[in-house]
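Think of it as A, B and C in the order they're written, each chain with its own count starting at 1.
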Amino acid sequence: MGVAVLLKQVPDTTAKISVTGGRVDESSITKWSISPYDEYALENAIKLKESGYGDVVVITCGPARASKCLTEAAAVGADKLIHVVTESGSLDSIQIQALLSAAVKESSCDVVMCGKQAADTNSGSTGPGVASALGYSCVGAVTEVSIEGNVISATRLGPLGLEEVEVETPCVFTFDKGDTELRRPNVRGIMMAKKKPIDSLTSDDLGVDTSNSMVSVESHSSPPEKPPGQKFVGAESVPAVVNMLRNDANVI
Amino acid sequence: MAYEALDFYDIDSLLTEEERMVRDMVRDWVEERVLPNIEDACRDGIFPDEWRVEIGEMGILGAPLKGYGCPGLSYIAYGLICQELERGDSGVRSFASVQGSLAMYPIWDFGSEEQKEKYLSGMAKGELVGCFGLTEPDYGSNPGDMITRAEDRGDHFLLNGAKMWITNGTIADIAVVWAKLEGVIRGFIVEKGDEGFSAPEMKGKHSLKASVTSELVFQDCKIPKDRLIPGVKGIRGPLSCLNNARYGISWGAIGAAQSCFNSAREYSLSRIQFGHPIASFQLVQNKLSWMLREITKGQLLAYHMGKKKDDGSWIPEQISLAKMNNVDMALEIARMSRDIHGANGILDEYPVMRHMANLESVKTYEGTHDIHNLILGRHITGIQSFTREP
Amino acid sequence: MSTTVISESSNNSLHPITAQLVGAASALGGSITIICPGGIGATDAAQISGVSKVISVEGGCFNTYDCIAWSESLSPLVKDDLILSSSSAMGRELISSIAATKGVPVVQDVTNLAEGLLVTRSIYSGKAIEEVRISSPCAISLRTNSFEAAGGGGSAEITTVNVSRDITVAVKQALTKAGERLDVSEADIIISGGRGMGEPSNFSHLYEVADALGAAVGASRAAVDTWDDIPHSMQVGQTGKTVTPNLYIAVGISGAIQHLAGMRSSKYILAINKDPEAPIFSVADYGIVATWEEALPVLKDQLSEILSS
């Protein structure tokens, strides 16, 4: 019993990204944060805990700097902190999912929550991948959960719209934004978080082979500059613009 | 664009993780809650009550005080809190300064055990609001000559007199009031609803509009005997509160200056005149470089002052220097930033004019700029020049 | 290299992205198999040119969506070294799970795909472009409208397979039907309104333009947060949907960086805003400085004129 929350530390969504020598210059990123959707996962995990469901174990997989997001999670109520220490950006999805799944097993949590995608790569591979690796059920794009016994009901945005689904544990939930308000940390939480130990694990500790990544980054580049747009003043320019949309851009 | 605080000398690296987390928490709150609403609050002349609640929930009130439900943070953390609040607005920082340093502090340091138990934890949570009544209509820079009096009537005290310019007065549940008892300045705790006590709000401010400023009026105000603050006598009582608040202001001013600098930098990069961004002109760069220089010096000053507060090795004159220097530089930066914004600088779409007007109050309260000059003058020469009497 | 394409469907028919997936696969050469979950769109899939085989997978589990049950049913049918899907919410989920089941890596939301398996994707909300080399076998999801669609006229053989797995996710009730209106993530044209619309009822003007264009209506977060009538499902941006339509029309939206994150890679952007300094103009191909009150009626008239002719 317990909820494992998978957190990824990403550059703050407002951070400037600069590319030097064909690589994103991580040292120039001034602010790292918990990926926004993961924050909703964390909030919902804490709510579940408050309704009586076990401890919240937060797990991050990343370089040394990533431990900060565990402490931030502790400040709003996470109970146990696990840092799977890896080099930044060198692993493929299978390896990351194997590390996270192994860490979830260590934590013996039967509910796993994470964001539906991380704000850096926007991939969304982790939740369903971890579910498959662990043999858990998976519900995606969830905005709310509640539990009774071992049945969790969740609100998800499915292919047919918003729906209420029920699923038995063990299960992975990936979170969307929804109406849930995130709690703010407070001084008491921050002071307690500081005292919470972080359990640092390596791939060896977890028995996962991370030597051969099937994916390697060839290069990073800045997005191409768009040609400057054209600006018109006044509603009387609308016909001309409509004309260009139709004849130059061919989009209407 | 996201706010990136100026940190030219990497003060960040000197902070503990806890201090950084507290700073970020307050910064995020200001970003989310204060900045989008501050102009409305100023226009309406109110301090929104939900800010009180949320500041209380963050647990930052009375930051450096320990025990009785108080946060027990470092003085550096307290400074950072003030800096971030004042980046939003001096009025918000004033709320926290008055509550923590002027109302909670005297109870915490000089209050009876019962008083501490009764008030402090509620005040730390923002559930009880406090104010600090020292200044009187006729006694500002020389509060020692105050006329508010307390009389011992056996089973109670009777207070008579009036205080003016009292931050939080009208919204306060309790007032720490300094009055003379048998010719000696003593602190009293007056509660809202005490017979003969009223706190009408002062209107028409062009500065600190999002902060409540009030008169406190005592007409045969009857208060129980156990409301006398037992642990301090004389002007030292109020002055020791002011030391803490002034220290906080030295950080707060940096926040206001940062806001003005930030706005000036962004504006000057985007404003095109004579075919070029005005940021490309040397005179504008000179202004920006001056701002950077002064903010950086102010940060080093405030940081080192905080370290001295934390290890106890400070003297009040050092705080005077930090308060006067940093408020002075912030006000100058606000004016310079206003200038860089041209006509746009007078609009409420930019924070500059608001900070500029606020800082005029900040320059005056907690010891006017020149009173701090006199404090330093006395320190240098050994000769006091506050009064003509020796 | 031979490829398996997981088809995408919407409203019980084949989604046009499927032809784009085939187009991308054709460029790499090799045979192309399309797997149609639930058999939806199998006949249309067979007509996409370049497809060698269509597997129509029918089974009880395809009546509701359960990512794990689906992927466990489909995975054994995937025999090729390259698996492609759309990068829609469901496409990503399904391919992640299939990739994990087969033990192959997955790269999502790819905008370019070249031999040697060199893929391009945008990272950090479009603030950088990443080129990644990925060794097969592997799985890749592709972004809508980034690849030339394969044409029609094919006639692939359709094999129907009956497999199913236990559903573990039970749908108890539909809370809102997916709007009859087009969802922003599916539309080729989107018209979005922001706080500048003044009141939620003014979105009716956006709907009128949308109806003329067959567009979806979106919104900024300020609009979603301020007005209960504007649901979160309409939100475009960092914490909403990332969209890449051919045309994105932003009305009364300032263009905060988090909003731009969700729409800046649209092919064309038209901004209508009364503030000439609004940052939205910096990404707009066409900017009109005007209030929507002035601009939208003209836009409606113009559209009905040219679209009827």
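Worth a mention:
Keep this in mind: contacts are C-beta pairs under 8 Å (C-beta built on N, C-alpha and C of every residue); 3 or more make two chains touch, one makes a residue touch a chain.
Please read all numbers here as calculations on a predicted model, not as lab measurements.
Ranked by how close its C-alpha mean sits to the mean of all protein C-alpha atoms, the top chain is A. Ranked by how far their CA centres sit from the centre of chain A, the chains are topped by B.
Our note on geometry: chain A versus chain C, Cα centroid distance of 20 Å, whole angstroms.
Centre-to-centre spacing of chain B and chain C amounts to 52 Å, using the average Cα coordinate of each chain. Chain centres here are Cα averages; for chain A and chain B they lie 40 Å apart.
Within chain B, the positions touching two or more other chains are listed as 1-2.
Each of the following residues of chain C touches two or more other chains: 257.
For chain A, the set of residues touching two or more other chains reads 14. Only residues 1-2, 4, 17-18, 21-22, 25, 28-29, 54, 57-60, 63, 71-73 of chain B touch chain A when the two sit together in their complex. Put simply, chain A touches chain B in their complex at residues 12, 14-15, 30-31, 68, 71-72, 75, 184-188, 190-191, 193-194. Against chain C, the residues of chain A that register as touching in their complex are 11, 13-14, 16-17, 19, 24, 36-37, 92-94, 97, 116-117, 119-133, 136-141, 153, 155, 157-168, 171, 174, 177-179, 214-223, 226, 229-239, 241-242, 244-246, 249, 251-252. Those residues of chain C that touch chain A in the complex are listed here as 10, 64-68, 71, 89-90, 92-94, 96-97, 99-101, 103-109, 118, 121-135, 138, 168-179, 188-189, 213, 232-233, 235, 238-240, 242, 246-247, 257-258, 261, 267-270, 276, 281-291, 294-295, 297-299, 302-303, 306-307.
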